[in-house]
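Letters A, B and C mark the chains in the order given here, with residues in each chain numbered from 1 onward.
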Amino acid sequence: MITYLLCFILFLVGLYGVITRRNLIKIAISLSIMEVSTFLFFALIGYIEGGRAPIVNPAEPNQVYVDPLPQALVLTAIVIGLATTSLLMAVIIRIYRKYKTFDIREIRNLRG
Amino acid sequence: MNPVIPILVIVPLACAFLSMALGRFVRDLPKYFTAVVMLFLLIASFYSLINIGTGLSLYKVGGWEPVNKIPIGIYMVLDGYSAIMLCIISTIGFLSAVYSISYINRYTGEKYYYALFCLMVAGMNGVVLSGDLFNIFVFLEISVISSYALVAFGVEKNELEASFKYQVLGGIASFLILFGIGFIYWKTKTLNIADIKEAFKTGYDKTFYVFVQLLILSGFGLKAAIMPFHAWLPDAHSSAPSPISAMLSGVFIKAVGIYVIIRLFFNMFVISEEVAILITSLGTLSMVIGVFLAIGQWDIKRLLAYHSISQMGYVILAVGTGMILISRGQNRDIAALAITGGLFHLINHAAFKGLLFLNAGAIEYRLGTRNLKEMGGLSARMPVTSATSFIASMSISGLPPFNGFFSKLIIVIACVKARFYLLAVLAVIVSIVTLASFLKLQRYAFYNKAPDKENHNIKEVASPMLFSMITLGILCFLLSLLAFPSLRESILQPAVDILMDTDTYGLKIIGM
Amino acid sequence: MTVIVKKTTQIVAGMIFLYGAYVVIHGHLTPGGGFAGGVIMAGAFILVTLAFGSDFLNLKKEEAGSTATENISILMVILLSVIGLFIGAKIFFLNFLPKGTVGELVSAGVLPLYNIFVGIEVTSSIFIIFLALVIYKEEEST
């Protein structure tokens, strides 16, 4: 039970970073921390007592394996997180060329 | 096993990569190929709508049959509600693709635009057709990432800032959704929507249930731009190129936001009264605050974006009223009427908001400015744009005989019959303020006197753009026929029946 | 980059690529599969680009070649999954090649083919992301 709570606390740490940091790169890194905490939570859900890694060995027929479905979900979600982070990085680089600063308080062209 | 269902997802996906691969050999291939593929999707969607009637159609990917009555494998479900959303997506998609044949001439990197556009449509089709919770998440991410890149398409300062804000808020929403899916899997050990419904009916933990509902509502509410999660919408929708603004505001916030909220809260969760009251109050708040923030805007696309928030508030208000009545176990006819009004307003809003954004794009294409104070006297020089803009403005304000009047009328009648008099009065007041705001737009853009600088090259826009605008204008007239009982029975009633069928939906899908 | 880096890269890059290919092909027997092996193979390409730079490589031609490879491999994945609609029972994503015994390299039907094409596609994608940022930086600074 305590491990699930720790995953949620890591999520809140990432959320705090996104809200309060001023540098653009730090906001992107905090977003990555949030996503990694979600993956940890998923991998922890599938644990079954006394289970081994879910790779079938035909020599031992009766064996308790952990749940392989959350592991497949985490693989998919890692790929999606990679695409999100790389697009965010590309936009940040172009913003630096146009605005000449990384400070988010200076980037306020659209208002109202 | 209906084979049309995977075709609707595979064809735009293949089209995106084919047009990138062949686009370097044949010069103008991406433009016309995209328009042809969207026309094919339009025909396939209308064929599904006519065929499906009141039944359900299922497709099990990979052919995995249920074992011991437990569904394994990924299910794709087509029913009346999905068919309506598919038709909306393909209609607005086809008209936007035709419009962008002549609009995207000004940008470099045209073939990337068409590939991203097809990917966005493929993602939205996947969300609408899936019957599995994680499949919704994967296709949602495909379409949302394409829209991040499309908002930042013309790489100027404003677009990049808008895209950055959209990406950070959208990223937070996606991870909230993933957390919610994790919690649901932990407690029910299955990912199939029908199976989760059966598991929830047998008993659940109360605090966990409210927590999961709040997570899912926050995540998808941020995608649908409900108050208080609306901060990204004015920047993103006003900085995108105009056909993408029409797609985003007309289809995207409905297909990945409001569609999923309605589907999950009616067909997956057991409706409780506190959450229903929360949803209704969020809808009312969006409706009222959206329109009051919109009056003071002088940028034409920001004004239209704030009105999108307000009209989505109408839909959430109607659906929330239906949810409150169902959860109290009261009169089911009034709940059916409220949900019918909400779905009808969804369809209407796609038509007239798409038309308004395409008009704003035509004005920007010729004048190069979006500020209302610098326009004037366009009704003589751009007659088709001015006439269609007049039709769309009268529709959104709810004047007869256009389509906005009938859908707002059904919503107000349902609220009055359910004795929520405050909501009905607020709906009418917001409608009047919308009328005032659009009269301001019409006067400053079209009917004022032209300012002193002489712009000689203002003529009407090119014919692909005219074709889209005129078709949407005619649709605004034709959609008002959906209020009559015979057409309403055949198109809107099956969708409402599927949503309100809380007892047998799960068993029907598992049994097929 | 110095002579040490260039010589080490010439020796090591081929081994990294071979290791990535091993992870991809044994995807149905050991953990790994298309995505993880693809990222390792992309690491070999990125190492060569970092060590030699634009003095020795024409980066725009590399990007054009990578884009073509990525498009073709995605179309092959879609083609493999659609073939199931035409032969036998009309099911999408059908596993239509014969499945051998458990634990052999050539077994499990059409899964190794999916792993190989997804591995090539992921390699090209990550290499294109890296090249896009590098080419943009060079255009800005000249």
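The working rule: a residue touches a chain if its C-beta (ideal position, glycine included) is under 8 Å from a C-beta of that chain, and two chains touch if they have at least 3 such contacts.
Computed from a predicted model, the values in this text were never measured in an experiment.
If you compare B-C with A-B, the chain pair joined by more contacting C-beta pairs is A-B.
Farthest chain from chain C, judged by C-alpha centroids: B.
Our note on geometry: chain A versus chain C, Cα centroid distance of 23 Å, whole angstroms. The distance from the centre of chain B to the centre of chain C, each centre being the mean of the chain's C-alpha atoms, comes to 36 Å. Computed centre separation for the pair chain A/chain B is 28 angstrom, with centres defined by C-alpha atoms. Residue positions of chain B touching 2 or more other chains: none. Looking at chain A, residues 94 sit in touch with two or more other chains. By the touch criterion given at the top, residues 67-68, 71-72, 74-75, 78, 81-82, 85, 89-95 of chain C touch chain B in their complex.
For chain A in complex with chain C, the touching residues are 53, 55-56, 58, 75, 78-79, 86, 89-90, 93-94, 97.
Contact residues on chain B toward chain A in their complex (touch as defined above): 134, 138, 141, 145, 148-149, 152, 155-158, 160-164, 167-168, 171-172, 174-175, 178-179, 182, 185-186, 191, 234-235, 238-239, 296-297, 302.
Every residue of chain B that touches chain C in the complex is listed here, in rising order: 1, 3, 6, 10, 13-14, 17-18, 20-21, 59-63.
By the touch criterion given at the top, residues 11, 15, 18, 24, 27, 31, 34-35, 38, 41-42, 45, 69-70, 73, 76-77, 80, 83-84, 87-88, 91-92, 94-95, 98-99, 107, 109-110, 112 of chain A touch chain B in their complex.
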